[in-house]
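First subunit A sits with subunit B, and in the next complex the same chain sits with subunit C.
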Partner chain A sequence: MKPYIAILTARFRTMLQYRAAAVAGLWTQVFFGLVLIMIYEAFYASSDLPQPMTFAEVASYVWLGQALLALLPWNVDTEVRAMVRSGAVAYELCRPLDLYNLWFMRAVAWRTAPTILRAVPMTALAMFVLPWIGLEEWRLQIPSLTTGMAFAVAIVCTLLLSCALTTLMNITLLWTVSADGATVMLTVLVTLFSGMVIPLPLFPDWAQPILMALPFAGLVDLPYRIYSGNIPTSELPRVLAHQIFWTATLVFIGRWLLVRGMRRIVVQGG
Partner chain B sequence: MNGVRLYFRYIGVSIRGQLQYRGSFILQSLGHCAVTAIEFLGVWALFSRFGALRGWSLAEAAMFYGLISITFSIADAFARGFDLFGNMVKSGDFDRLLLRPRSTVLQLIGQEFTLRRVGRFAQGAFILAWSISVLDVTWSPGKVALLMFALLGGVCLFTGLVILQATSAFWTTESLEVWNAFTYGGVFMSQYPIAIYRPWFRRIFIYVIPLACVNYFPLVAVLGRKDSLGSPESFQWFAPFTGIAFLIVSLQVWKIGVRHYQSTGS
Partner chain C sequence: MAPQIVVEGLTKRYWIAERSPGLLGSVRGLIRRHHRELRALDGISFSVERAELIGYIGPNGAGKSTTVKVLSGILVPDSGRCQVLDRVPWQQRIAHVRDIGVVFGQRTQLWWDLPVIESFELLRDIYRVTHQRYKSAKDELIALLDLESLLDVPVRQLSLGQRMRCDLAAALLHAPSILFLDEPTIGLDAVSKLAVRDFVKQLNRSRGVTVILTTHDMDDIEALCDRIIVIGSGKILCDGTLAELRARVSRERWLIVDLAQTDVQVNDPDASIVRHEGHRVCLGFDPQQVSPAELIARVTARYAVRDLFVENPPIETIVARLYATQADEAAMKTAK
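Up next, the complex of A and B:
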């Protein structure tokens, strides 16, 4: 376990160097968050029909989405890509570690560091600054202790699910080298089916069973709705089962592919 | 060789260069198209769930969406050279541009014409065409001209914004990402009629960065609706001029920046 933790902390420190970019990104995200909330506000004002989510729940959902954007598996690890291109990936094979675990830990570090950098100030803004400047109804709700804890557990599973997907994409690099195609496909699938475009319950009712069965719901929609109270805490075991089932499946596929990829690997040059 | 011919020579080189990596180009264009297309899927889902948006129908909103997508994709492909400007200042490469007997603006926009934006363009054009075919608008030559005028004004406005963003690098030696909120965020905001937002927010995009003047106001005239913001029709027809004026002002600011330029010396 020790070498994996070392990888985690080393990458963490590298990521934390890019603080200026994080501040600029934060401002852009606040802007997008405000626009999104105004759009929902206008939609909710246009219809008297009962909706599957209240406006306050959607507002919390939007802010969580802005705070945790970096947690989504929308690209391959640039370091792994560079290694596959240059041939340095051969060094990875020399390490006395399980390659899948190594890449998984890299992914964990790679997703966690920027997420924490962004989530803390964004949460502070959306939770406390918004009501302070008179936009009480747009705020990120403060959860009760039980919902907060349920959300914490669910978001850890989200991290694992996201990293399983990232690692799977990294492994496709062994075949494609550039991973352009895989990245495009995954970005489309993740943005649409995770709930990043709009909360999944707002999609038509006939689409709900499909959306809820796919692995992507566990990345955004399920944990965020636990937070906002749209899914009661008593449902937490079902959410976790969904996330863990998909994580395990993706890890299994990833490991199987990695073994096959290693058998045919050609190291590019010296 | 005059400026225009030189510009076309520049972008010819850039386009040929990008077509060398055909597979990557096709994937990136398709990807760009798909990513923007799913965004519209979200708009569609919201309309089907809520019925209407403060009196606007999906087809009407699609016109705003389509026009701003086309506008931005053209401006983004065209003015991308300015995006690279921050790095040029940092590395000192901008000195070389100053030595050449041509305007810096021409050299910068000639640096790259980003072809893969064709994905977003196609998607925007498709949605605009769908909206026009569904809506019952009585078209006249004047309205077609207004639509083109709005497009021109919009491209000018976005180009102006990119130039202002680049100009800030003269003082900070880094391209400031805070502007992204106004470019990418501005596109996102303009996908819906601006009348749906809160008044303080609308004012920013009417008076400070006049995006509403190249999208909302002219399209209200095209749709033949009465503006809920109370703008007179004569204003709606001339509003896109604001975009051109914005570009002219940005170019003046750029000139001040160039005069202020101190090389990093690297």
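Up next, the complex of A and C:
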């Protein structure tokens, strides 16, 4: 494990340097969070029908989405892409390391570093500043200890699921070089079907079984609803089973593809 | 003792997607693509003994880098046999790369944003080098390559020459027994080139590290290599010492003359004009037919000369000729 941990921490430290980008992103996301919440407030005010989620649950869901946006596997690892384009990927293959594990670890650093940079100020803002300025109903709820712990476990599985998807996308680079096509398709699938745009319970009833079966629900919807209380903590094993099943499946597919990709790999440039 | 590296009939093909130029061509390319086969390696065979220092040369696109990448386990060839330290590189990649060091001159293996020393420490962890071994290897490399002042500098701030020295050290921290250098002196200034050459020579002579060096720099070859393998269009054209190569292709040497006037026609019965550009004339001659001293005496007596010097034709010329003769031979064979 030591080599992989070393690479993880090195990249993590490098990525923590991008603080300005995190701050800039933070304000965009505060804005988006507020807009989304206002839309949902109008939506909830205009309907008397019972909704699958309460407004407070939706508010927490929205803020978590903004805080953990960087965890979403919506793009390939730009560093890996640059390596494949330039041919520096040759050095990756000169290391006595399993390439899948290496890229997975890179993905872990690539997802966690910006997430941590954004999640902390975002949470502070949504949890404490909003009620302080009188927007009590819009706030990010403070979870109970059990809920908080259940969420912590689920979000770790989210990270693994997200990295498995990122690594899979990285592997497609061995065929496409730029992976722009794969990225565009996946960005749409991930943002819509994970629940990042609209919480999944607010989708039509007929779509529910499909949405819940797809891997994307484990990225946003399931852990966020555990946090907001929409899914009781007693349901945690089912959520984890979903996430772990999909992580394992994606790792398996990724490894299978990587073996094939390695056989046909072309190292670009001289 | 068995050779360290054995290569037999190695073949690697690439498929190149071709597109007709222009907008129409691009549109046509959407529907039907033409692929052209490129034989990067076309039946390469050679073997290398322990502690040899081999220059692997050839024009751009000849297949030098492809060979290095196959030998270092990065690329999988289409056919042929290859054993390095009794392993098949691409099949036992992880075990294989532990015993080799690789430097690609055009790229760095160091972490761009980290200080050099942190890259070294990362490599120590990646290769699972014990702290004791790491320390002695590191100290030795720092002394040999004069890296002390560079250790705390982020890699992106290093000059090319400094970076190359650090890259060399990085490739050797795990004490590999074979070192592959792919154009290690590309783009370096004269001083840095000398530093790299001295280091490689010392590494080979005193530590017995086998070195395979690809380069375009004839001086690298002359300074370092006992043996040269010339490759062209995926085939080995020549495998032997530098003297053997020159003898085989041509004994020709060049006399470069800077004339006082530009409008003079230079003629000599024993020399042919290779080039004539402005003041400078390049005369090719065979030293067994006419001695350089004699030719110089004749030329200076007949023309107003500002400066002159004798040199060997550059490797590109030798290789180009070698390739031309090879092609002629092939044509002769088919004609028969």
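Going forward, the second predicted complex is superposed on the first by the 270 of 270 C-alpha atoms of A that agree within 3 Å, B and C clash if a C-alpha of one lies under 4 Å from a C-alpha of the other, contacts with A are read in each partner's own complex, and residues count from 1 in each chain.
Simple rule for what comes next: a residue touches a chain if its C-beta (ideal position, glycine included) is under 8 Å from a C-beta of that chain, and two chains touch if they have at least 3 such contacts.
Given the structure is predicted, the values throughout are model-derived calculations rather than measurements.
**Q** Just checking: does A:A45 make contact with subunit B only, subunit C only, both, or neither of them? Give me first, second, both or neither.
**A** After superposing on A, A:A45 lies in contact with subunit B but is clear of subunit C.
**Q** Touch test for A:V35: subunit B only (first), subunit C only (second), both, or neither?
**A** first
**Q** Considering only the touch criterion stated at the top, classify A:A10 as touching first (subunit B), second (subunit C), both, or neither.
**A** second
**Q** Considering only touches as defined above, state whether A:I198 meets subunit B (first), subunit C (second), both or neither.
**A** first
**Q** Have a look at where A:R95 lands relative to subunit B and subunit C in the superposition and call it first, second, both or neither.
**A** Second partner only.
**Q** Hey, what residues of subunit A end up touching subunit B and subunit C alike?
**A** The answer is that subunit A has no such residue.
**Q** Along subunit A, where are the residues that touch subunit C in the complex?
**A** Checking each residue of subunit A against subunit C gives 2-3, 5-7, 10, 13-14, 17, 86-88, 90-91, 93-98, 262-263, 265-267, 269-270.
**Q** Name, in rising order, each residue of subunit A that touches subunit B in their complex.
**A** Listed in rising order, the residues of subunit A that touch subunit B are 21, 24-25, 27-28, 31-32, 34-35, 38-39, 42-47, 49, 51, 178, 180-181, 183-184, 187-188, 191-192, 197-198, 202-204.
**Q** Residues of subunit C touching subunit A in their complex?
**A** It comes out as residues 14, 60, 65, 69, 72-76, 93-95, 97-98, 100, 102, 104, 106-109, 111, 113-114, 118, 121-122, 125-128, 183.
**Q** How about subunit B: which of its residues touch subunit A in the complex?
**A** By the definition above, subunit B touches subunit A via 23-24, 27-28, 30-31, 34-35, 38-39, 41-42, 45-46, 48-55, 176-178, 180-181, 184-185, 188-189, 192, 196-198, 201.
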